[in-house]
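Several structures are given next for inspection.
Shared between the two complexes below is subunit A, which has subunit B as its partner in the first and subunit C in the second.
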Partner chain A sequence: MINFVSFIPKAVVQGIPLLYGSTGEIITQKSGNLNLGIPGVMYVGAISGVIGAFNFEQAVKSYEAAHAAGGADAFLTYGVPVLSVLIPMLSCLLGSLLMGLLYCFLTVTLRANQNVTGLAMTTFGVGFGNFFGASLIKLSGADVPSIALTTTSKYFSVKLPIAETTGWFGKIFLSYGPLAYLSIIVAIAAALIIKKTRMGLHLRAVGESPATADSAGINVTLYKYGATCIGCMIAGLGGLYYVMDYATGVWSNDAFGDRGWLAIALVIFTIWKPDMSIFASILFGGLYILYLFLPINIDHMEYQQLYKMIPYVVTLVVLVITSIRNKRENQPPASLGLPYFREER
Partner chain B sequence: MAKTNKSEPLFHIAKRSDMTLKKAILVRVIAIFAALVVCAIITMITTGLNPFTVYGSMAKGAFGTARKSWITVQDTSILLLIALALTPAFKMKFWNIGGEGQVLIGALATSAVMLKLSPYLPNPALIAVMFVAAILAGGIWGVLPALFKAKWNTNETLFTLMMNYIATQLVAFYIIVWEYPKGAGKVGIINAKTELGWLPRLGSSMGGKYLLTIIIAVITTIAMFAYLYYSKHGYEICVVGESENTARYVGINVGKVIIRTMFISGAICGLTGFILVAGIHQTITTSLVGGQGFTAVMVSWLAKFNPIIMIFASLLIVFLKKGAGEVATSCGLNESFSEILTGIIIFFIIGCEFFIRYKIVINKKTMKGGNK
Partner chain C sequence: MANTTPAVQMKNISKHFGRVIANSNVNLELYRGEILALLGENGSGKTTLMNMLCGLYFPDEGEILIDGKPATIASPKDSFSYGIGMVHQHFKLIDVLSAAENIVLGLDEKLDIKKSSAKIKEICDKYGFDVDPAQKIYDMSVSQKQTVEIVKVLYRGADILILDEPTAVLTPQETEKLFAVLRKMKEDNKAIIIITHKMHEVESLSDRVAVLRKGKYIGDMRTADTNAAEMTDMMVGRKVVLNIIRPEPVNPQPRILVNGLTVKSEDGITKLNNVSFTIRSGEILGIAGISGCGQKELLEAIAGLQVVESGSIEYVDDKGKREQLLGKDPKQIRDMGVSLSFVPEDRLGMGLVANMDLADNMMLRSYENGRGPFTDRKAPKKLAQSVVKDLEVVTPGINTPVRSLSGGNVQKILVGREIASAPKVLLTAYAVRGLDINASYTIYDLINEQKKAGVAVVYVGEDLDVLMELSDRILVLCGGEVSGVLDGRTADRNEVGLLMTKVGGNSDGKN
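== the complex of A and B ==
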């Protein structure tokens, strides 16, 4: 039998990057932009965070060396913990924002094809991540053997002190880093904004029928830019969480794998609802590592590969069922993937 | 038309139809040139080489030796084949981004036949069965999303995307079933001793090993060109792509066209899988296609779905891959550098399309709104 107390926390940590990715992509798709660049954006988010953290750690090291005699230094005791979180996070957000702006500039302003732009962004982003991940040390001329961001990453995986003492409850609910809780807050906030606010209503209108939204006086371009850029920044945080918390600050090429695509699958699976995505991400995270917890038959290791297929098959089934049932509230945004050109109406 | 604002916007954008082919090509050439300049600047910053050295060593990486040139042409052929496969679907506005999975499943079928039937069949029959199996497998993998699209209008982009990973895991599953030696986690060279099911070399010279792939790519290019531009099917694809309602009105069975086209699309992907296994690698891995299913989407689109231009588009991408790989390795940097350069070039070409399709009209105060 599966040991749930150890399984659930593992499923949650696997699910958090997916939750960030899917929340970001849901917001993006609600504006009618099908951003297939999300896998690339998550790589860029991760590596931007790493670049920021890496440079910061190098700076701290040289600062320490210069002020070795000082003992208790105000900067080291107060400045470093705050900046350790702020700098990687800001550089991650900046990197993802730039990717979002690029996507919007090409698809909204220049009206390029969304699929091609997205795929190009994924190629570019994954390449960007792997290139700088593997070449950062050489490029910066630092004398360290590999990127291991111990100083900064320990602030990303700070856990509540009571997690240790509250038994199974603490393990399942309290044993995560701050970015994990942030992801849930972001998802709930996104769900509320989309469902309950005027801004969300406008966003949905833009995604369903930009021409109608436009004639109602909604700034379509602004909403598309805003939603896509915010979506990209949220997705980028997923990459940051993965490398700084889950991987404890160790970058390895291609380790992030196909999680970006899984996040896009989640968007369909949750039928475009970020609050559903909280549970669905953890479910997918669980499916992603389920094979580690099932009884292993040494003669039949191949079945592990079939278990890994489950998330995709489940998504496919959901996609097919929603299209067969054809319920209006469960459909993709009607203008998803289509460019909007006012003069073409 | 435009909303009545207090002040007229400084400029507006209008569709243009007057750009000549010559001018359109010129715009693209300028875009590629600008992209290459940006790439050179980025390479200079990261490697410290001067741009001429960079492109010199890129050329060396792609065409430095006869062997390298043959491999470059062979890789171009493979990328071209996948791009050609996706093209009829794209012309129909059916976004088949499942090329990766369709090629893999073709490769899987080829390997299965190669492994399991080689003791029972003479070599020519074996290769024939492999060929048919690959085409059928790829075709079926392509038809599945088409069936759902035709019947229930299921989103094909997301469907084909999911099918990629199902195919990958299926291959991963069979690799472990067939692994040799046990526990190695890979299949190894299939029929290494008997060479059964291997595609023959053409001639004894060095190019012989690569020639068959290239010939198949050339034939497929010509066939696809004829199919798209000079056949009734090609015309139907075009009409369905432009407007499904028009297609229905003129009596085209839209569902049938979608399913038929996706079978062809998947089948050519399957054929590519067949070549990859039987002609080039003689083994199967999950990374056999290596993302080319996605790259091919961009190649097909860059070429505006024209098979002849696609030759140059795939050559450009393969050249960048080989060249940037060479530059990166010689500087001790990571090979993914090529993906950054590919991305930049594609961004530029995507961007320049705007200036071909639209024009920016600057509004003069004296001729308010009357500009067309």
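== the complex of A and C ==
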């Protein structure tokens, strides 16, 4: 029997990167951009954060060496904790933003095919990450193929002190790092903005029918750029969370796996609703690691792959069901994947 | 006219799309308190000109003055600020949003659906519209959607209204209602431009007409001083005879026997109930009925596109041999010489592939006539060239995607291709939908030629007057049942109208 008190927190930490990825992709898709580059964007987000953290840690080391004598240094006590969070985060956001801008420039301004652009960006992003990952590993001179960012990552995985004392409740609800809670706030905020605000209404209009939005006076290009870039930045945070909190600051090439594709599957699974994605991503996270909690004979390691397949199968089932029910509100944005050019006839 | 400064003045406007000249040196004036009808053949640049007023296109050359002051309209937002609102031919509405959401879309005011709904109700009460602000667009009929479009324009406070073929998809009753609203707006001192192809609408509604031909401004005149023939001549640029000939059918023989045909829709609703009739060679059978009464299903059943519940459809060849059509696939039926040219509401929905060029679209009927794995590309190319030449299709060339042609030209290609296959039976539905008057008459002539050649023609059309002028026999459908079969030469408009709304008409004396 599965032990839920230990299973659920594991499912949650698996789910958080997916939640970031799917929230970002939902916002992007609502603008009519089908960004299949999300796995690459998350990868770039992660490595950008790592580059920032690595350089900062090197700087802190040389600072410590220079000021070895001083005991209580203001920079070490106050500056380092703040910058440890800020620098990786800002580097991560910058890296993902550049990816978003690249995607928009190609698909919105130059009207390139979205699928091809997205897939190319995934390939590019993974290659980019592995290139700089390997370079950093070489720079750090480690004898294992990974780098450990202990100084900065500990600030990403701080937990509420009461998590230890409140038993199962603390374990299930309070035992996560700050980025985990941020992801839930972001998802709820995104859901509210899409559903309730004027900006959200305009965004949906752009994704449904850019020609209509345009004739209603909405700046289609601005909304497409804005939604895609913000979406990419949110997705990039998923990569950062994965390295800094889940993997406790240890970067090794290709460790991120197929989480980016799961995030895209989640968009369909949640029928384009970020608030649904909070539960759905935890469910997916749980399915992703379910095999660890089931008794699998060492002779039958192939079962592990079958279990890992479950999220995709579930997504297919949801896709089929929503197609059969054919409720208009549950369909993808009507102009998803299509370029828009005002003067085309 | 009380005000002598035009509300809108367009001076020497030119617009090009690549090598295609859509407008060249157009001058147009519109005054407050008048309805101006903008006339022109398909592809004469009416919609392009109007799109420059509403900010979707920007003129390459020329100047626009609003109330006498020069105006730069670079975006739809600019156009709203000048009080210009346009109801497009293809509605600019978002299906999954409600009426109220669509109406406030793009506005800078705070999103408050309740407040907006109240304002929408106010506008509706003023002009006698009926809009439920919470209703989703996909639940609406075409005429409801159009009402939402008009309310949307009024909500933005527009006092210069442009309507692009607003009546193309409306029933006569809905059209009358719309015109009443437009007249009321005119009394409100609003300036209105309407684009339409229907001459009787121009005559009954407009104060002035302006005519475009091939992107050029031809002239304008008071509606009261002109007539349909003169306006048509101006549009076309030469004398046009507006008479439909109806040659006597030569030796009509039964070609298709429909017996007890019953068709149900996917949801189990009966679309056709026990329908029996005969289609004869050398004759035009007109099918009349209000929209949705089963014409579409009937034609599709004959063409093999519709699942049939019960009944039989038999094809009779020249020697009198009968063959059952039910159970054959559409291709087999087509090979027997039964051709369907169906022009759906969006024109490109059925029959043509928008992104393929003219020649490739011709090939959709002949792709199997090649040697081995290769298709024969020469014949379709020739066919495309001859259709372009014979039907006067306006296109840069036969390698242009169909998508970029104007609606009327698309229709000519579709009908031209079907006729070129030398069918024994020609089923046409809405063949002139959205076509200008000259193109419509070209199509009528084409259909008549087929009839003279001994083809059995089934004609489904929206314009009852034309249907009655063209058909030898008229089959009236009502709610999926045969309401009556009349002789086209002696049928009376009222009689047909009654049969359309009630099975058997009014003959039983009751209402």
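To be clear about the criterion, the second predicted complex is superposed on the first by the 329 of 345 C-alpha atoms of A that agree within 3 Å, B and C clash if a C-alpha of one lies under 4 Å from a C-alpha of the other, contacts with A are read in each partner's own complex, and residues count from 1 in each chain.
In the analysis below, contacts are C-beta pairs under 8 Å (C-beta built on N, C-alpha and C of every residue); 3 or more make two chains touch, one makes a residue touch a chain.
Just so we're clear, the structure is a prediction, and the values are computed from it rather than from any experiment.
Contacts of A:N130 after superposition: subunit B is touched, whereas subunit C is not reached.
When the shared chain is aligned, no partner comes close enough to touch A:L174: not subunit B, not subunit C. Of the two partner chains placed by the overlay, only subunit C lies in contact with A:A334; subunit B stays clear of it.
Using the contact criterion defined above for the overlaid structures, shared-chain residue A:L76 touches neither subunit B nor subunit C, since it reaches no partner. In the superposition on chain A, A:A216 makes contact with subunit C only, not with subunit B.
Looking at the shared chain after the overlay, A:R198 reaches subunit C, while subunit B stays out of its contact range. When both complexes are overlaid on chain A, the residue A:A148 reaches neither subunit B nor subunit C. Counting the residues of subunit A that each partner touches, subunit B and subunit C differ, and the larger count belongs to B. In the superposed model, A:E208 makes contact with subunit C only, not with subunit B.
Annotation: subunit A residues 342-343 touch subunit B in one complex and subunit C in the other. On subunit B, the positions that touch subunit A within their shared complex are 1-2, 12-15, 46, 95, 97, 148, 152-155, 157-159, 161-166, 169-170, 172-174, 176-177, 291, 294-295, 297-298, 301, 328, 332-334, 336-340, 342-344, 346-347, 350-351, 353-354, 357-358. Of all the residues in subunit A, the ones that touch subunit B in their complex are 34, 36, 102, 105-106, 110-113, 115-117, 119-131, 133-135, 138-139, 253, 258, 261, 264-265, 268, 301-303, 305-306, 308-309, 312-313, 315-316, 319-320, 323-324, 326, 332, 336-337, 341-344.
Remark: subunit A residues 196-198, 201-202, 204-205, 208-209, 211-218, 328-329, 331, 334, 342-343, 345 touch subunit C in the complex. Listed in rising order, the residues of subunit C touching subunit A in the complex are 17, 54-57, 75-77, 80, 86, 88, 92-97, 101, 104-107, 110-111, 136, 138, 403-404.
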